[in-house]
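Heads up, the next two complexes both have chain A, just with different partners, chain B and then chain C.
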Partner chain A sequence: MVKVYSMTSCPWCVKAKKYLESKGIEYQNLNIEEDEAARVACQQLSGDLMVPVITANDKDYVLGFDKAKIDTLLGIAG
Partner chain B sequence: MAKEHRKMDVVVIGAGMAGLTAALYAGRSGRSVLVLESELVGGQIANAADIENYPGLPGVDGGKLISAVQTQAENFGAVVDEFDPIVRVVLSAQPKIVETEGAVYEAGSVILATGMTRRKLPLKEAGRYEGRGVHYCELCDGQAYAGKTVAVIGGGNAAVDAAEYLSKLASKLYLIQRSELRADAAAVKRLREHENVEILLHTEPRALSGDKRLTTATLFDRKTEATRELPIDAVFVNIGVEPNTALFAGQVELDAAGNIVAGEDCRTNLAGVFAAGDVRTKEVRQLTTAAADGTAAALGAVKYLRSQSK
Partner chain C sequence: MSVYDFSAKNGKGEEISLADYKGKVLVIVNTASKCGFTPQYEELEELYKTYGERGFVILGFPCNQFAAQEPGTDEEVQTFCRLNYGVTFPVFAKGDVRGETAQPLFKYLTKEKGFKGFDESHPVAKPLMEALQKNFPEYLEGDSIKWNFTKFLIDREGNVVERFEPTTTPKAMAKAIEALL
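Right after this comes the complex of A and B.
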């Protein structure tokens, strides 16, 4: 399952989630403002609390909205 | 593989307040409308947490406001695509060509509403720390500095708004401005009420340093000409904006600052091409004037399309 670490008002988080939806990719939205476990997991994964962070395997991730990198990470065909 | 050609009455480039208002009006006039955005839908206000001066909606969240305008435009048939960047435009031709990574659009009229982007911090080492202490999105990256010492660089409304947002997260917040503050008095007054805020006027950053992350900013006091080192975890840069017009350079007339030359009717030097919002030459750049421009540009485009079909 794809995970998106996000915050409520973060515009690039909104864009990242809309992009996944436009590609028909299901994801788990993990709000680091509201969910302490998600906050800890986000920090462990990326070493920081900047969002959005997108991962599919809890190891490799993309920080920020970068379409090309997200496509590569998730194997999305152009 | 050859790209698909699609015909549209109006292509709007940019989905800020001006572009989406234009889409709303052109769509409501029965025209097919495509809005293309390669950055954030909402433009600069996508980052605004609390807008105090939009009539009728005091304290509205920028993201919610722009989402409502987008829905209004879509309800009149406009299509907003934020995932297909533009690679080329030909504005003097008829129809006009807007080529994206995925398609070639032939448009009867084009509305340029690409707005402005934040100016980068003009220090050669700033790029090295981008994302590691130098930031341009408070709402995305501010949380990482909860309980830490941060600075906002700039003195306009956007800087003061960013400072107020970050002051609620940071243990200490510096607002660093090279001259006097230019922000609205009400916003400055509100910021000064936060005890953890210190405003450093006539001060500018001269250097950034740190091993893997930013740890220190070297500040220069322009009045005393003193230099000092400020331990800092992050700086959020709000030192103004510049027009997004590189895509149209050489086609549509620009002024010396790069703004598209157009009057209140939003007409450019090219027939059927309109400029709306902050990207247009104008005195006042506000959300309200962006909405007004979107209206004028769309109605101008509809009139132009009508004249072409006679």
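Right after this comes the complex of A and C.
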């Protein structure tokens, strides 16, 4: 399952999630403001508390709303 | 008239008079709630930790008027937000800082200290200026707040001593703050 680490009022998180939806990709939304476990996991993964962070395997991730990198990460055909 | 004549709501919705901060050196700053110029949060926190014991307080006023309109820098357009975790200085309720809906405190501050231009040596000065000219040319008119992290330095008597634009980092204000302590 694809995970999206996000915050409530982060416009880039909203864009990233809408983009995944437009590609028919299901994801788990993890709010690092509200969910402490998600905050810890996000920091361990990326080394910082910046979002959106998208990962499919809890190892490789994309920080920020970067369509090209998201496509590569998730193997979406352009 | 001084900043002590104004009040603002804190995060819990309680009305706080700025007279509560009489005798302290203050920095009043409009902050981005989540995005953009966020490293300034960390530097502000450092200043607060460094000078807090000597009677220095930072008052943060989150404002969404500039949200999600990031100019980015030359190297990268920022497409992420950072969780501002661990800010210990007082942060007030979200409110407007420019235009007719601006909080009275910010109308007063911008009247006391007008806009004198950006520090062009800061890497974000050029893209910020271009973004403003393109998207919000009216923001550039007059003495209004131009962007997130405009900082006003207040002395122990409540006088507005200096205005620092978003292009001045908090660290660069240390000398001016020390001079008032």
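By our rule, the second predicted complex is superposed on the first by the 78 of 78 C-alpha atoms of A that agree within 3 Å, B and C clash if a C-alpha of one lies under 4 Å from a C-alpha of the other, contacts with A are read in each partner's own complex, and residues count from 1 in each chain.
Quick note on the criterion: a residue touches a chain if its C-beta (ideal position, glycine included) is under 8 Å from a C-beta of that chain, and two chains touch if they have at least 3 such contacts.
The structure displayed is predicted, hence computed values, not measured ones.
**Q** Report clash or fit for the pair chain B and chain C bound to chain A in the combined superposed model.
**A** clash
**Q** Is A:Ser22 touching anything from chain B or chain C once the two structures are fitted on A? First, second, both or neither.
**A** So A:Ser22 only meets chain B here.
**Q** Does the superposition put A:Asp48 against chain B (first), chain C (second), both, or neither?
**A** both
**Q** For A:Pro11 in the superposed arrangement: first (chain B), second (chain C), both or neither?
**A** both
**Q** Which holds for A:Asp66: it touches chain B only (first), chain C only (second), both, or neither?
**A** The second partner, chain C, only.
**Q** Once the two structures are superposed, pull the chain A residues common to the chain B and chain C interfaces.
**A** The overlap between the chain B and chain C interfaces on chain A comprises residues 7, 9-13, 32-33, 48-52, 63-64.
**Q** For chain A, which residues count as touching chain B in their complex?
**A** 7, 9-15, 18-19, 22, 32-33, 48-52, 63-64, 67, 78
**Q** With touch defined as at the start, can you tell me which chain C residues reach chain A in the complex?
**A** 33-35, 67-68, 78-83, 85
**Q** Using the touch definition from the top, list the residues of chain B that touch chain A in their complex.
**A** Answer in residue numbers: 40-42, 46-47, 49, 61, 63, 82-83, 101, 131, 137, 139-141, 143-144, 146.
**Q** Show me the residue ranges of chain A that touch chain C in the complex, using the header's touch definition.
**A** Contacts found on chain A: 7, 9-13, 32-33, 39, 48-52, 63-66.
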